[in-house]
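What follows is a single structure, and I will ask about it in a moment.
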Amino acid sequence: MITEFLKSREAILLAALVALILLVETRFAGFAAPSNMVDVFNDTSILIILALGQMAVILTKCIDLSLASNLALTGMVVATINAAAPGVPVAALILLAIALGMVLGAFNGILVWKLDIPPIVVTLGTLTIYRGIIFLISEGAWINAHEMSAAFKAFPRAEFLTLPVLSWIALAIIALFVVLIGRTGLGRAFYAVGGNPHAAVYTGISVGFTRFAAFVIAGGLAGLCGYLWVSRYAVAYVDVAGGFELDVVAACVIGGISIAGGIGTVGGAVLGALFLGVIKNALPVAGISPFWQLAISGAAIIIAVAFNARSERTKGRVILKSAEHAT
Amino acid sequence: MSLADGTRPRHVPDHLTSRGQRVIRSWETLLVGVAVLIFLANTWASPYFLDPWNLSDATFNFTEKAMIGFAMALLIISGEIDLSVAGIIALASTAMGYALQFGVGTPGLVLIGISVGVACGAFNGVLVTRLGLPSIVVTIGTMSLFRGIAYIVLGDQAYNGYPSSFAFLGQGYVFWVITFELVVFLVLAVIYGIVLHATNFGRQIYVIGNNPTAALFSGVRVQRIKMILFLLTGLMSGIAAVCLTARLGSTRPSIAYAWELEIVTMVVLGGVSILGGAGSILGVVLAALVMGMVTFGLGLLNVPGIVMSIFIGGLLIGVIALPRLITLIRKGQI
Amino acid sequence: MQLQSNAVTSDAQAVPVLELRGISKGFPGVKALDDVSLSLYPGQVTALIGENGAGKSTLVKVLTGIYRPDGGTIMVDGAETRFQTATDASDAGVTAIHQETVLFDELSVAENIFLGHAPRSRFGLMDWPRMRRDSRRILDRIGARIDPDVMLRDLGIASKHLVAIARALSVDARVVVMDEPTASLSQTEIEELYELVERLKAEGKAILFISHKFDEVFRIADRYTVFRDGQMVGAGLLADTSEDKLVELMVGRAMDQIFPDRTPELGDEVLRVDGYCHPTEFDDIGFGLRRGEILGFYGLVGAGRSEFMQALFGVTTPSAGTITLDGERIAVGSPADAIRKGIVYVPEDRGKQGAITALPIFQNVTLPSLGRISSRGFLQMAEEFRLARKYTERLDLRAAALDQNVGNLSGGNQQKVVIAKWLATMPKVIILDEPTKGIDVGSKAAVHEFMAELAAEGLSVIMVSSEIPEILGMSDRVIVMREGRIAARLDRAELSPERLVRAAAGIEEAA
Amino acid sequence: MRLLGKITAGLTLGAALLGSTAAMAQDDDVRIALVVKSLGNGFFEAANRGAEEAAEELGNVEIIYTGPTDTTAEGQIEVINSLIAQRVDAIAVSANDPDALVPSLKKAMQRGITVVSWDSGVAPEGREMHLAPSSDELIGKTIIKLAADHLPDGGKVAVLSATSTSTNQNAWIEEMNSVMDQYPDIEVVETVYGDDLADKSYREAQGLMQTYPDLDAIIAPTSVGIVAAAQAVQDADKVGEVNVTGLGLPSEMAGAIESGASKSFAIWNPVDLGYAITMISYNLATDEAEAAPGAEIGMGRMGSATLDDNTEAAMSEPFTYDESNIDEFKSVF
């Protein structure tokens, strides 16, 4: 088991991540300190959660480009409600955010499932539609810190056993995903549908419904992140998390989730997100101009996809007996 | 006729339906209808719409994007995609600005802009065709990489002071209200239309998009053609970078931000199948007009850009979803 | 044949577990199943026999809930039921080992066995330890030494097949459908499978065994049902019939009538292949091909014939070996090279590799000849239609119009389009890989007729086929491949079904 | 709801509603377009309120408040093109890029439209005059003074600037640096950029506090950056250790003042700015004044602006807000 792990994508990615952290540490002592690592993790929490949602979708051979818009829209909705009616309990708002996110995800899912429109087209459309709706709701106005209730803002940053609640939520979602992906029929169906949609039918799995479910799950997580984002940064406006959808896809790609579907692990998605998170946090600390960040994440994506493709290359069918064990 | 009933036509006609029927049923006809509708609505909604100068200004809303859209259409028909086009614009524009610092003149700037575009296209092409990587991921990566390099070079600075002869490429008028860019757009539309619809090369693009394996088995040099398409997309991005830079008169790394999505939307709205294998240049031209008119018409009503994007997004999903929805309802499945 | 002696005596009293009545299923252009009936009895093996394209696989899909029939009824234990999804069928106790791999490379062996019906723990979650245990038990039962935790992609093709069998056995099924289960197994594995079938029989399961290998049908089956062109043409006890009768039922006429009479006039050697090798797929393939000759390549599925042909055509690169065409050494680096030199290939997988189904007929036909119908790279539409018409008419293509999409044609007509495509390039050597797979009898005869015509005109033909009658009826010479190597070379005079089968299966002498 | 009305009108594509929209835009009012960097920014919303105030005072003025939704030059160009097409009387723009807008604005001027810039300027050839909210010099001095006032013993300060695409921040920082010799005990350790994005600014502020554990103050001369920095300081439990100051909006900074993360900050009054530029636009559009070096243009209740050699003018000094007056202003803008 251990040697197998050492050969896996996750192990290589973990090694790269540790190497990256140590590299920054040499330039700036204290970066690798546990307290700072906790901060980095907390900072990356939202990316991790979204990457897990996106992973579910990508596993089924789809893609959801509307996640960041979904996040921004649900964030604006809960912030608006909070500003208008501060009495509504935060728990209710969180549930609402998740529910609304799921509805937005379901809209994508239903178009993919019932009308068979390619996911990239659907989510390219909803990417702009959801973002535009925020403007219609807010008329472009921001909702600022002082308009939000104290409880609304306090929840994600409240500390519990030395970790902020935001980090705990990310950890909980990771745990939930380990169970969902590894231990439920739906989780395994993601792999089956993405890996061999044709064959999935034979096992009684509905390809369309499985994809729909993946979109709904991803949407729900985006909704949750909508609340987390606006409360953490204590601001809601139209462009919240603009362009973040590509960061999320990038995290998945770096984490070894195959865009062709059916391949990927929870660990990979988390590590991919953390890799981007560390880069983002390390650059300002290590004194590298933040303008390098974009190029570095771009290069990381290309290297990651090239690397993954190399290990995924199909072997073809081996007919010669002598060759069967050699390869 | 049915094949099962044993009738055997001795003579198989060339076409199943008449040319007229084919035209009426085409996606392009639908787009023409949409375009006419929007044109009428705009004319009605704003007294300023039907003014040659205004219409001329409105063309800037789509000319540069459509140039890239043509090459992107070919690429998507062949089953690939390039999301790095806006990144290429940023990098090409930055290269031109950099060269400007050394006193390079207009011809040199154009050459540099186009060369950088082609080089970026080559980079994408090599990654996709030689290393066999999925283009959607590769170009998400190069999108960040190309723009990232522009950020590294420029940071929060800007290049400006482009010569006036260069400015003509983005701001000049060739004849009355006809801008230089519009001429480039029209010429490219004709060239791409001919290449896609009337040449061996164009035919092979469709074949690859429909079935790359069968294409390979039919002697089509699949990888080579895909490589050429990436180069073309890079070339078009380079040309668009020249036009846009000339129009803006300055280069910043955020230039053409998020254009890739608008361009893909334009191409898909134009009837190009995102799964590859189908589409036409006329469709892309019409989609460009539709999108340009929608944004300009709403602009005249001072509707914010983000609200226009709801229209564009809705149009994109709507025109694809509606026919399928109707089919489903007809079949009684809903 | 003694196996069945005491199993079945009378037809009348037995109650079928599963019964199909008047099932029909159509697709655009073909009627895959036309009013067929079938009964499966507990503790009995029913062999379903029929040529490729007779509707056997469609029936399997109906039985397992993948396809919903257009008409007819399915009865389980005498009660009418409907299989809306694969789960319905599985719940009714029907399980299948499909011909195509319906497995998942990225999942473990245990999961491949249990996907869709995994054991659950108390909280409704998947019970991995139990799943592993059960997998191991099932794998042991079929004598497969495979670790349940291994990823499927790490297994060879034969092992994958065993996993597929294990999957079928993982449900508590009463009806087991086996769609050509021995196609990719070695002789020892086949023997093990036979034992398994016996065991299942003893457990009282009803088995539908699909095969077109008569020896195995007579060895393990109790009953037979024969399909031809989507219709059921005969059924009964195997004890009451003979191989000849079955063949006649299957093809609908005596064998010698099907194939064109030809007296080959062989010319000079056109093509010579020496020492063609590939690291994993074939080894040391060499032969000569003469003008006007039809060279058959026989072997079991997965013997490496298609892989070799694709290397010859330039799709894959060999690790060693030479090709000589018309006395000149040539290098074939890509299909484009091969086509230019005059070697063309009609692939086995028509839908994926041969025809471009979403494009019209004329575009398919002219694709490799675009250079000839264009001037300076510009297409000449009139010229294009002229060329397409010339070759499709020559093949007697039946279509509504030349701009009709190939996907709307029947399998036989699609194949004609693919062949027309290659003839339009005026090749020297044409390789036909399973040229009549999945097409109707009429088209089949037309293709055979045409092949003979081409050879008579001096074209050299290489025909890959897994159908013994076709090999026997068409070939001037036959090369038999087994496990990536040439197992035998047989002249027309030496040809017999037994020799072909023995060479292909690696049996040196009569057992 | 006017906006929503227009959208509905657009949506129906030719429904009867459109007639009313067309009629709405047609009368003899002087139409002044207030083009902002991006819609939804509280600062510009406040400026719009000032503009409307001026319009009401003038009587026959219609304000078209518009701009792109993201801070790009291309977005502004499209907006300006549509304004030219509508033949507005004046365009008053706060530019996302001083150069990129020039060609469009030149075209506007050629077609007889009065073009002025405010807040964030346009290169001189692209406008008739520019109204700076304050002078770079005054702002530069103010922001360092705000930090120094609370550091009697000196200390380390860092600058969290805005997006790279606006010129004014850089000018202010430059002016600030030129007076640093007056504060020998204060060291400016680094300047970072938050791109006017809340999350990026937040991260940059966090990075600053990690890099310089003994940091005493963060100067953020941008309304987005200062809020994000204050939030970061609160989240890092460094209230009292790190003082966040700079330029911000009272409504957005009220919480930070209350928590103590920020002791004071400054801003010019955007309401006044919107008011003033509207007055200037009106005066220029109606030819009551001409934009030339040395000219004096009336700004209604704000007095008058005197143009320098670059045809630029400054409105007034920035105004400092702290706990004594924040409650009064936080509901204003």
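Letters A, B, C and D name the chains as they come in the text, with residue numbers starting at 1 for each one.
The rule we apply is simple: contacts are C-beta pairs under 8 Å (C-beta built on N, C-alpha and C of every residue); 3 or more make two chains touch, one makes a residue touch a chain.
These are the chains along with the protein names UniProt gives them: A = Rhamnose ABC transporter membrane protein; B = Autoinducer 2 import system permease protein LsrD; C = Rhamnose ABC transporter ATP-binding protein; D = Rhamnose-binding protein.
Worth saying up front: this structure is predicted, and the values here are computed from it rather than measured.
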Quiz prompt | B-D or A-D, whichever has more C-beta pairs in contact | solution = B-D
Quiz item: Taking each chain's centre as the mean of its CA atoms, which one is farthest from the centre of chain A?
Solution: C
Quiz item: In whole angstrom, what separates the CA-based centres of chain A and chain D (Rhamnose-binding protein)?
Solution: 35
Quiz item: Using the average of all C-alpha atoms in each chain as its centre, how far is it in Å between chain C and chain D (Rhamnose-binding protein)?
Solution: 73
Quiz item: When the centre of a chain is set as the mean of its C-alpha atoms, what distance in Å lies between chain A and chain B?
Solution: 30
Quiz item: Which positions in chain C touch two or more other chains at once?
Solution: none
Quiz item: What parts of chain B, by residue number, touch at least two of the other chains?
Solution: 155-156, 253, 304, 306-307
Quiz item: What parts of chain A, by residue number, touch at least two of the other chains?
Solution: 135-136, 140, 238
Quiz item: Which chains are in touch, pair by pair?
Solution: A-B, A-C, A-D, B-C, B-D
Quiz item: In the complex of these two chains, what residues of chain B are touching chain A?
Solution: 127, 131-134, 136-138, 140-149, 151-152, 154-156, 253, 258, 261, 264-265, 268, 274-275, 304, 306-307, 309-310, 312-314, 316-317, 320-321, 324-325, 328, 334
Self-check item: Partner chain C, residues of chain B touching it in the complex
Solution: 1, 3-4, 8-9, 12-16, 194, 198-204, 206-207, 210-211, 213-221, 277-278
Quiz prompt | Interface residues, chain B side, partner chain D (Rhamnose-binding protein) - complex | solution = 37-38, 40-41, 44-49, 51, 53-54, 57-58, 60-61, 155-158, 160, 167, 170-171, 244, 247-250, 252-257, 295-307, 311
Exercise. Provide the residue numbers of chain A that touch chain B in the complex, in ascending order.
Key: 63, 111, 114-118, 120-122, 124-129, 131-133, 135-136, 140, 238, 243, 246, 249-250, 253, 259-260, 289, 291-302, 305-306, 309, 313
Practice problem: Would you pull the chain D (Rhamnose-binding protein) residues touching chain A in the complex into a rising list? | Solution: 3-4, 7, 38-42, 45, 69-70, 192-193, 197-200, 202-204, 206-208, 210-211, 227-228, 231, 235, 251-252, 254-256, 330
